[in-house]
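Each remark here refers to the structure printed beneath this line.
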Amino acid sequence: MSAVLANPALHPPVESPIRRAWAKLRHRKGAMVALVVLLLIAFFAIFAPLIAPHDPVKQGWATVRKAPSALYWFGTDEVGRDLFSRIIYGARASLSAGVISVSIALLLGVPVGLLAGYRGGWVDSIISRFTDAMLACPFLILAIAMAAFLGPSLSNAMIAIGVTAMPIFIRLTRGQVISVKVEDYVEAARSVGNTPFQIAFRHILPNIAPQLLVQATLTIATAIIAEAALSFLGLGQQPPQPSWGSMLNSAQRFLSNAPWMAIFPGLAIFVTVLSFNLLGDGLRDALDPRTSDR
Amino acid sequence: MFTLLGRRLLQLLPTVFFVSVIIFLLQQLLPGDPATVMAGEENDPEVIAQIRKQYRLDQPLPMQYLYWIGGVLTGNLGESMRLKASVADLVIQKFPVTLQLAFMAIIIALAIGITAGVISAVKRDTGWDYAVNGLSLWGISTPNFWLGIMMILLFSVQLGWLPASGYVSPFEDFWASMRATIMPAFVLGNSIAGILMRHTRASMLEALESDYVRTARAKGQSEIKIILKHVMRNALTPVITLGALEFGTLLSGAVLTEQIFTIPGFGKLIVDAVFNRDYAVVQGVVLVTATTYILLNLLADIGYILVNPRLRS
Amino acid sequence: MTSIFKAAATAFMLTAGTMAASAQTNLRIGLAEDPDALDPTTARTYVGRIVFASICDKLFDIDDKLNVVPQLALSHETATDGKSVTIKLRPGVKFHDGEVLDAEAAKYSLDRHMTMQGSFRRPELSIVDKVVVVDPLTIRLEMKSPFAPLIAQLTDRSGMMVSPKAAKEAGDKFGLRPVCAGPYQFVERVQQDRIIVQKFADYWDKDNVHIDRITYLPVVDSTVRLANLRAGQLDLIERALATDMKDIRANTRLKLVTAPELGYQGMTINVGKGEAAKVFADKRIRMALAASIDRAAINQVVFNGEFTPGNQWVGPTNPYYQQKFPAPGRDLAKARKLIADAGVKTPIAIDFMVPNNPETRQVAEVIQAMASEAGFDMKIRVTEFATSLAEAEAGRYQAFMLAWSGRTDPDGNIFTFAKTNQPNNYGGYSDPEIDGWLDEARTKSTLAERKAVYEKATAKLIDEGGVIYLYHRLNIIAHTTRLVGYSQIPDGLVRVKSLKLN
């Protein structure tokens, strides 16, 4: 193990780690199914105008709260819009919320984590205590407060979720850095005169990237739920544009006389989140050098 | 070991301090003026000015923080602007509710998580294993609030078996209390069960391949006895420690679930307080929740150190 | 530690209480929100008034025709110059703590409303100069100037009498344990969970009180509230949804009771506050927006046609409704023409602030679709309550969905909304003529005289005022058929006197 990792910059392994991981991932049925489902959802989101049978914001005042039928596959909502089309368009909000907010969390969290882990000392102490403090506060309360502060919109909800999820990545990065910074290759890089900045980004970051990728995939799942929760409270996507969370919010009033309004958006969230979790699991196994191909 | 413990205890102080600062500042960032919210429909400027003065909202921020934290240090969490009740009383009134919910949730989670995790480890790579894995993913992937809504739809609206809302103290009427809390507790426990299940499986597998199990097998002990006596005892300690950690998460995770089931606990108290800009309540409740969470973390760490003698050095 | 003992003791007493109370009747009422502090002087929520209806009697009450009727008072008489009102009190009235309600106590309550720190009644009674005790059962309210709506103010929280002894002892904590002179006395409250009151043995009209105990339970979600009523966990719910009325009517074990509301639902238009007011400064644009809205269709789509479209600050059943100006239908051609005449390029972008309430949001979405056909691009901004107040105050909006719960006297629905610089005038509307009429109406004493003044104001406000009125809700109450004798008054409060539970 350590022989391979001793100095990847100088002696790249014959088989690239990415290719090896892909080979392993391909054999994980669950992860592959999840990947296909996610690609399909992404496809739906991107080509929504071509796929959706109806206009997602076009109201039909004569077809309010109609049950699923051949014309409206998932039924219609409280102002007569086609639920199926809205769910397809809603995928845009959910997927981008998941991916963008986690990117924000990574962009903010990883550098801070690198700094804390690499510098150590009082810098590390302050960052770590601050991270502990943020993790101790209820996630949703932080997100609600931040989203309310920034003003209600999908992009602000993403920022709020990203900032709130940041400590997860600070903590993870810091831990990883501490465990690899004593490795030979870091010592080697230091001895040839690399600046701490270069060491952190060129030598340490690539080595902890797999763990970050796994955590990021799993956090996307959490972020999608968080976006739905914020939209559910009215702090996300603004009407008439659809989001799965805000669709659930409107559905709550009609639970007994139009249950389809709650069932389908919920299923959409469930399937998407499930897929990200499966993919994250698969990636974890594939990127973990300890597990062998099965 | 004691130095480690001492250090952990010392670290607690700055963390709690940061919590107090974060929550105080976040509150201040919120748009809207608590006095205007308080003034209600009549919206009289004179009344608003008076409220601002009464609750020191007209003072500079650092002073407001000092007043608050000074109060906290002397055991006074302040007063709810909306309910005119002391925050400490509200905490005493609501904490047991959320505690009961979290406790039931963790019992449900441990019961499901450990049973399923053990089955999946023992029956590794069989249909059982896959079924359990699927179950755990279901738990992790279902949005709490959606599951809550669906359960209300099924069990309260359609079947009429369980009350859709409300809370009864177990000291008042035990069965009514169980009926009122079983759905929210299940919804809360559901997501944790998935996590516990995975950890149980992993830690069982590790134990099954350990030397002492091999020795026991070599001695010809029955498989059931090996699992019950050797494997589970060793494998479950970390799972229970994790359970303690997750218990802390539950206290703060109850926010939306309590909202949906109208359970008058911490979560509902705090969400209502955020939307009503009832500063003292938000600050007080978050401080108590966060401190409890931090203490539980510490306890879990201590537990971990105790069962893993290697870490003591 | 003591509080734990106290809690345990309470729990024990409750258990004992429940056992002993098995023969007692208990009415369980599902509220749509959790009330604020139960002090008539500092209370501000609508839902709080529902609870007060059982514990705090008022000097006067209103009947289903909105007439003022005596409650703790026997009669009132306004002086010929209109500057003072003499009120005779009902003899033999006791507060829940046994104290007697006499002129001194009444004066104490009114003075408390007018002077206590943090009092929300102060603006309602600001016209009162002082309260004079005439004899042990008579008080006189001396006013700074004639003010017709004064008696109407005394039919609400300003007219609630509190025990001076209890109020002095409790200070600003009175709301935790209110002591009034209503048919029920306060027993216990668990915040956000329940409020329990029980029959007051020395009530002045105790022969008309039949139910022993009332439990108020806040259940925010309307679906859940109705499910609980169906399942028999509640006996009465307030604010049921219009869309559930059909189901309630069809249920043989439930009864539906409604009354038109006192208030209105409307859209506040920023006509004069800050930079954002530019768009609607030209009144043709404001009129175009109003003309593009189909009030009947909103009522049909969102409320199953159960509510009443409206265009004035009181509903069509109110005596002050101006029959001369019925709610207009939609006129898209007119809307387009107005915009063309004004020479404004379409689409006209409008910052449309909408409170975070699913029903209001749905109305807003329908309006968005309607207005877009006339050339408006209404950008909905869902804003939680506290933020929306701050934004409205600062004029950072162009249209704002805002409702008003309504007051008995029409003055309460218009004065602070349309007069220059009044606190609820979020649209920044200002017109000297309107200001004059609103003041004038306050000094007239008969309905006909006041209505005539309001007619002039209505004509003007329909075209250019800061509010586009949309519809009037119903107060929708549903209860089990076990409950007998319930009727609804337009203020929406749940009056519990004379009810029976079989």
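Each chain gets a letter, A, B and C, in the order it is written, and its residues are counted from 1.
As a working rule, contacts are C-beta pairs under 8 Å (C-beta built on N, C-alpha and C of every residue); 3 or more make two chains touch, one makes a residue touch a chain.
All of these numbers come straight from a predicted model, not from anything done at the bench.
Asker: Between A-C and B-C, which chain pair is linked by more C-beta pairs in contact?
Answerer: B-C
Asker: Measuring between mean CA coordinates, which chain is farthest from chain A?
Answerer: Measuring from the centre of chain A, the most distant chain centre belongs to C.
Asker: Which chain is most central here if centres come from C-alpha coordinates alone?
Answerer: Of all chains shown, the one whose C-alpha centre lies nearest the global C-alpha mean is B.
Asker: Express in whole angstrom the distance between the two chain centres, defined as the mean CA positions of chain A and chain B.
Answerer: Computed value for the inter-centroid distance: 22 Å.
Asker: How many angstrom lie between the centres of chain A and chain C, each centre taken as the mean Cα position?
Answerer: Computed value for the inter-centroid distance: 45 Å.
Asker: Using mean CA coordinates as chain centres, what's the chain B-chain C distance in Å?
Answerer: 38
Asker: By the touch rule stated above, which residues of chain C touch at least two different other chains?
Answerer: Residue numbers touching two or more other chains: 221, 223, 227, 384, 387.
Asker: Of all the residues in chain B, which ones touch at least 2 other chains?
Answerer: Counting only residues that touch two or more other chains, chain B contributes 30-31, 152, 157.
Asker: At least two partner chains per residue is the criterion; list those residues in chain A.
Answerer: 148, 151, 252, 255-256
Asker: Which bits of chain A are touching chain C when the two form their complex?
Answerer: For chain A paired with chain C, touching residues are 59, 61, 64, 78-80, 148, 151-152, 233-235, 238-240, 249-250, 252-257.
Asker: What part of chain C is in contact with chain B in the complex they form?
Answerer: 3-4, 7-8, 11, 14-15, 18, 34, 36-37, 39, 42, 44-46, 117-120, 122-124, 172-173, 175-176, 190-193, 217-221, 223-225, 227-228, 230-231, 233, 384-391, 393, 404-405, 416, 423-424
Asker: Provide the residue numbers of chain B that touch chain A in the complex, in ascending order.
Answerer: Going through chain B, the ones touching chain A are 11, 14-19, 22-23, 26-27, 29-31, 133, 137-138, 140-146, 149-150, 152-153, 157, 252-253, 255-256, 270-271, 274, 282, 286, 289-291, 293-294.
Asker: So in the complex, which bits of chain B are touching chain C?
Answerer: Those in contact with chain C are residues 30-34, 36-47, 50-51, 54, 82-85, 89-90, 92-94, 152, 156-157, 160, 163-167, 169, 171-173, 260, 262, 264, 268-269, 272, 275-277.
Asker: Which residues, counting only chain A, touch chain B once they are in their complex?
Answerer: So the residues of chain A touching chain B come out as 30, 125-126, 129-130, 132-134, 136-142, 144-146, 148-149, 151, 221, 225, 228-229, 232, 248, 251-252, 255-256, 259, 262-263, 266, 269-270, 273-274, 277-278, 281.
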